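All chains are identified by letter, namely A, B, C and D, in their written order; residue positions are counted from 1 within each chain.
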Amino acid sequence: MASVPIHYYLFFCSVLFCIGVLGVLIKRNVLIILMSIELMINSINLLLAAFSAYTNDPAGQIFVFFIMVVAAAEVAIGLAIVVLIYRTTHSLDIDVLNKLKW
Amino acid sequence: MFTEYIFFFLSVLALYSAVMVLASKKPIHSVLFLTLTFFAIAGHYVLLNAQFLAVVHVIVYAGAIMVLFLFTVMLLNLNNDERSPKPVWAKTMVSIASGMLLLVLIGIFRTYDIKSAADPTLTQIGLVKNLGQILFHEFLLPFEISSVLFLTAMVGAVLLGKKEQI
Amino acid sequence: MLTLILILLPLAFSLILPVLKGEKEIRIVALTGTVAEFGVAMAALIQYVTSCHCQLMFTADWLATLGVGLTFSMDGISLPLVLLTVFLLPVIVLFSFSHHYRRPAAFYSLVLLMEMALIGVFTAADGLMFYIFWELTLIPAWFICAVWGGNDRIRITFKFFIYTFAGSLLMLLALIYIYFRTPLPHSFDFRVLYIAVLSPAEQTWLFLAFFLAFAIKIPIFPFHTWQPETYTEAPAEGSMLLAGIMLKMGIYGLIRLLIPICHLAFQQWGEIVMILSITGIVYASLIAIRQEDMKQLVAYSSIAHVGLIAAGVFALNLHGLQGSVIQMLSHGINIVGIFIIIDLIQQRTGSRNIADLGGIARKAPRLAVFFMIILLASIALPLTNGFVGEFLLLLGVFEYNHLYAAAAGLTIIFSAVYMMWMYQRVMFGDTTPMTEHITDLNNREMAALIPLVAVIFWIGVAPGFFMDIIWPDAVRVLALFNM
Amino acid sequence: MDIILLLIPIFPLLGFLILGLGLRAIPRKLTAIIGPGMILLSFIFSIFIFLNFHYFAISPVRYFFSWISLPGLNIPFAFLVDPLSCLMLLIVTGVGFIIHFYSVGYMKEDPGFNRFFAYMNLFVFSMLLLVLGANYPIMFIGWEGVGLCSYLLIGFWFKNHDYNNAAKKAFIMNRIGDLGFLLGMFMLFTTFNSLGYAEIFAHAKWMASGNITLTTITLLLFVGAVGKSAQIPLYTWLPDAMAGPTPVSALIHAATMVTAGVYMIARSGILYVLSPVTMTIIGLTGLATALFAAVIAIFQNDIKKVLAYSTISQLGYMFLGLSVGAFTGAMFHLTTHAFFKALLFLGAGSVIHALGGEQDIRKMGGLMNKLPKTWFTFLIGTIAIAGIPPLSGFFSKDEILSAVFRSSEWLWVFAVAGSMMTAFYMFRLLFLTFFNRFRGTDEQHNHLHESPWVMTIPLMLLAMLAFFGGFINLPEIFGGNGGLENFLAPVFADANAVMAKQPPLSHATEWTLMGTTLLLVLAMAALAWYRFVRSGRDVVSEVNKQPALIRIAANKFYIDEAYETIIQKPLLRLSRFLHQVVEIRFIDRIVDGVGLLVIRTGNTVRYIQSGNVGFYMFIMIIGIILVLFFNILI
């Protein structure tokens, strides 16, 4: 069973990553931004797994595993913060959050 | 050839649903499309013979994370669309920026060549047994520490979620 | 091993000090620390064999993969400076007993930390260690000046800190750059840095970076403006540490790094830095003539003196180099002496403004005698230490260029002008209300001054001891330059 | 023998240390013994060295220890014993001892008695180093050392600011000369790779005359001599230096220190004879100084100032003598000058002592009867300096004059003019001080007294020396065999060999010259007699009523004022300008400006930090793009 070239994975993941970036930049809804971040993380994960498989090195997949761990934690905290923000501002608009200076 | 077809199918599916995550007006749709993306990526894992990852991925992302998102959306009753989308010029600019990023990334990867390409479909490293061996030998300490991380995250989430100040 | 002890001993004492309570105890421990350090240095001196390269070497791995080692050694350039440090510190500590500083534990702890850092700078045989200790000196120096200084201390010391710090960052950049030009495996060891392959263009940039770093520290005209203000605002001990020892780090850096590494750049820039140094001599001397604040006057005179030392280094011949090391010793001793005297006068009369003073010689003859001797040494009278250094320095500059030597030699005249004028107005004439009840030196103050005076005459009459230590390594530095 | 040699300077140093360290503890009587005693010991040892001179004939240089030693630069602490240094040794210790002895009486009342002798001993020590050194740096030690002692002793009464200023002026002017000396020394080193006399002179001997390097060296060294020996343009410190106690003026500013320049040039004779340009400059400087100072001396009213200008003038003569190659003549004049000028100063001191500190000769007069011993010895001194045979001044001055004549008749004419002026002002001084009636206050008149024996015995000793001193080098025509000439001949052998030998003057010419000079000098003495004694005009008329030219001369040609306007004030103004404008407004402002720039930039740029998270992310992405993009490029 012939495999696809590694380049396919590279390009696919780049596109997915850029979609994530676009989402982060273009959306105002904090929730969607978090989702876009998940997209980016997933693209990276896939790439890691792909390289791991292509080079026959298990370390990459282990890392994917750890990244998932971190991502899960991040989402849990992130969503908690989103809920908190919504409670205080009654909005999920990121442009309302402009107190992050000084 | 067969693999390639599957690859393309999964990729197109993933990209389409990823775009739809952004394009959907309602957050609940976005969440559902995101789930679709995750499944597509899980398919990719299977394709790479990374069975363990595929399973974990489904459990963690499609299971846990997605549920979290859904709960949040429903809890906050966010079914209405964005009231004030970003102005057009901003959208154009960030689109161009993302496009440039894509170009740059592709520019970098274009010349990339892997040295000894093993056949990904035949490697056994992605099997639960092999990964488990490595995970509990070489990466035991990080593994244990990650549990602490989880605990911390849980405590943090609970603290943040509580209404009254402690 | 002794080198390591030299570095760790003051550190140990500086860590003990904060535990202690009671000013008297603290003072005794601090003095013991510096004296013990002096003893260790004497032991090192006995083990030292003249003209063998890199002695009393201590090596340990630190960041082995980066080629950074805990490497310390001494040679004929660094040993005199180490001796200067360990000699001046007990004097400074002993003298400081006449002040009652708040939080004495912190004060003496910082002083000892400073000693450790200074010795680290002078003994480091590794570029990164050199840099680390170089920056480490700045921290206690800044705290001493900023906590126990005069009224305007915050603004002034901030300027001092930022200015010298900016300079040293350039040095770090240069060091890292050279590091990447060393043969594989890269290393920060001086001996490896010396053989880095550098094109003339690279050397020019490195030269500028190094020169700026050292010129600010020394300071060479026109990078000197932090100095007079800092001296005036710093507490007496701070001024002594700064002027007596810390300035020498800059000169030491010139000899240790600039000359061996950037030798090609000297063709282009040597002349310019020489002219800058000599301009500084004349410029600072001229300004010193009109100063009314004794500390400020001495600060400008110090700029003139170190300008001459720098000129001697840039002359790049044996006499200039030899003279610069000797003069570093002499200048350190003399300026500490002068600062002690000025501070004693200030303690007694409450002023160091020349116009407020007068007639002290009649009231305090011993003070007058010590002041006179130190003053004569600093204006380079033969048979005092200042002469040996300035003679060699001017000879070195003369061999470089006759006219420059004539210009630099103006310091001989000007130093007499401003120093004598200061002495005359402060010590002679009629007493003023402020000097009416001035008391003479007590035994402790004499004990601080007598060693200084003894060394002034020792180096002046029989400089052979130091000369023999220095010259083999001065020759070695020149050999690196001509490589 | 080496030990004895070393002990000569050690004794005064010891004296200095004892008196200096035990400043107040030592009783006066002990000081009175230690101070002069140390010098006496030195003197005795010097005589011993002189008598055993042959001992040093073979190896005149004695090494003691290595002072500054480097590869290629070796400066040993070594002494040179040759006729020249022997002569100086005797003068310094001999005259030094006499003056020390005198000081015991003169300074008796002074609270700084011990300090005075400490400084004086230190001075003698430095002076001995100066004359004994076997290389230029050792000479330089002494050279600066005597300058320091001069500073300390001029400002001895340091409560008075004018005295301190005078001291500082002396030190600084000397330092200007010292810089010249130092640079000359460096040039010597770069040229000859050594600083020892023996090595340098051995090499210099073979160099071409008029060599530019030699000319520069000699000119630089001469700058040093100008400073030390108070020649134009660096002479103004010497009259001011009279602020010091009178024995100081006698020892330092007449007999020994100021002649160091002459000694140095005589020592380096071989270098000078090979540089005709320098010799011409020295000659012109010397002559100008001799005449200029003599003119000023005529119009001075302070007894010590007259003597000071006279010293400057006589030093000018010595330089004039050196410039025509009459090294022996110059040294001879140096010797006799040491005798009679020390005598005159001490005599003046005795007068001042008797008058309770009065120095203005317009307020003296008629002291002949009250101070007979002083008057008689002063008379001898005056005759000696005026150049009337058979006193010492005549012979030494004559030797210089005849040498000058051999070189150029015109120079001779000017030199004789100077000699005439010397006679005039010295006799003026003598007549105004000791003749006619007393012009001071009654109180002073009642207290007039001859000085005690401690002071008069030195006067008599010096008077004898001033009287008979000339006989050590009697010219041929008086049946002398040129004792000093022969004695010093080995030292100047090389120099004399190079000097183009003019044929010796015929006896007739010599007699004529001598006669002319003597006649003119006597005429001037008579003029002074007529003007200040016979005419009965007691008080010298007020300066203001005199013609302008005389008024200018009386005010020393306003040279001090000129220096102040031309050098001192602009220097101070420059200093202030550099500090106030260049330093604070320019350099420091640039430094602070860099800091301010950073602060301002920060103040401006911080508005970018709007707090808008979306914007931050956008910037971040742009950053990532750039990093990756440059990564491709590289």
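Just so we're on the same page, a residue touches a chain if its C-beta (ideal position, glycine included) is under 8 Å from a C-beta of that chain, and two chains touch if they have at least 3 such contacts.
Please read these numbers as outputs of a predicted model, since none were measured by experiment.
Nearest to the common centre of all protein CA atoms is the CA centroid of chain C.
Spacing of chain A relative to chain D, judged by their CA centroids, is 92 angstrom. Rounded to a whole number, the gap between the C-alpha centres of chain A and chain C is 57 angstrom.
With each centre defined as the average position of its C-alpha atoms, the distance from chain C to chain D rounds to 37 Å.
Put simply, the C-alpha centre of chain A and that of chain B have 6 angstrom between them. Counting partner chains per residue, chain D shows two or more touched chains at residues 614, 618, 621.
For chain B, the set of residues that touch two or more other chains comprises 86, 94, 97-98, 101, 105. Pairs of chains meeting the touch criterion are A-B, A-D, B-D, C-D. Contact residues on chain D toward chain C in their complex (touch as defined above): 20, 23-24, 65-73, 137, 140-141, 143-145, 148, 151, 155, 158-161, 164-165, 167-168, 171-172, 175-176, 178-179, 182-183, 186-187, 189-190, 571-572, 574-576, 578-579, 582-583, 587-588, 591-592, 595. Listing the residues of chain D that touch chain B in their complex gives 614, 618, 621-622, 624-625, 628-629, 631-632. Residues 609-614, 616-618, 621 of chain D are the ones that touch chain A when the two sit in their complex. Chain B contributes residues 86, 93-94, 97-98, 100-101, 104-105, 107-108 to its touches with chain D in the complex.
In the complex of the two chains, the chain A residues touching chain B come out as 1-4, 6-8, 10-12, 14-23, 25-29, 31-32, 34-36, 38-39, 42, 45-46, 49-59, 61-62, 64-66, 68-77, 79-84, 86-87, 92-93.
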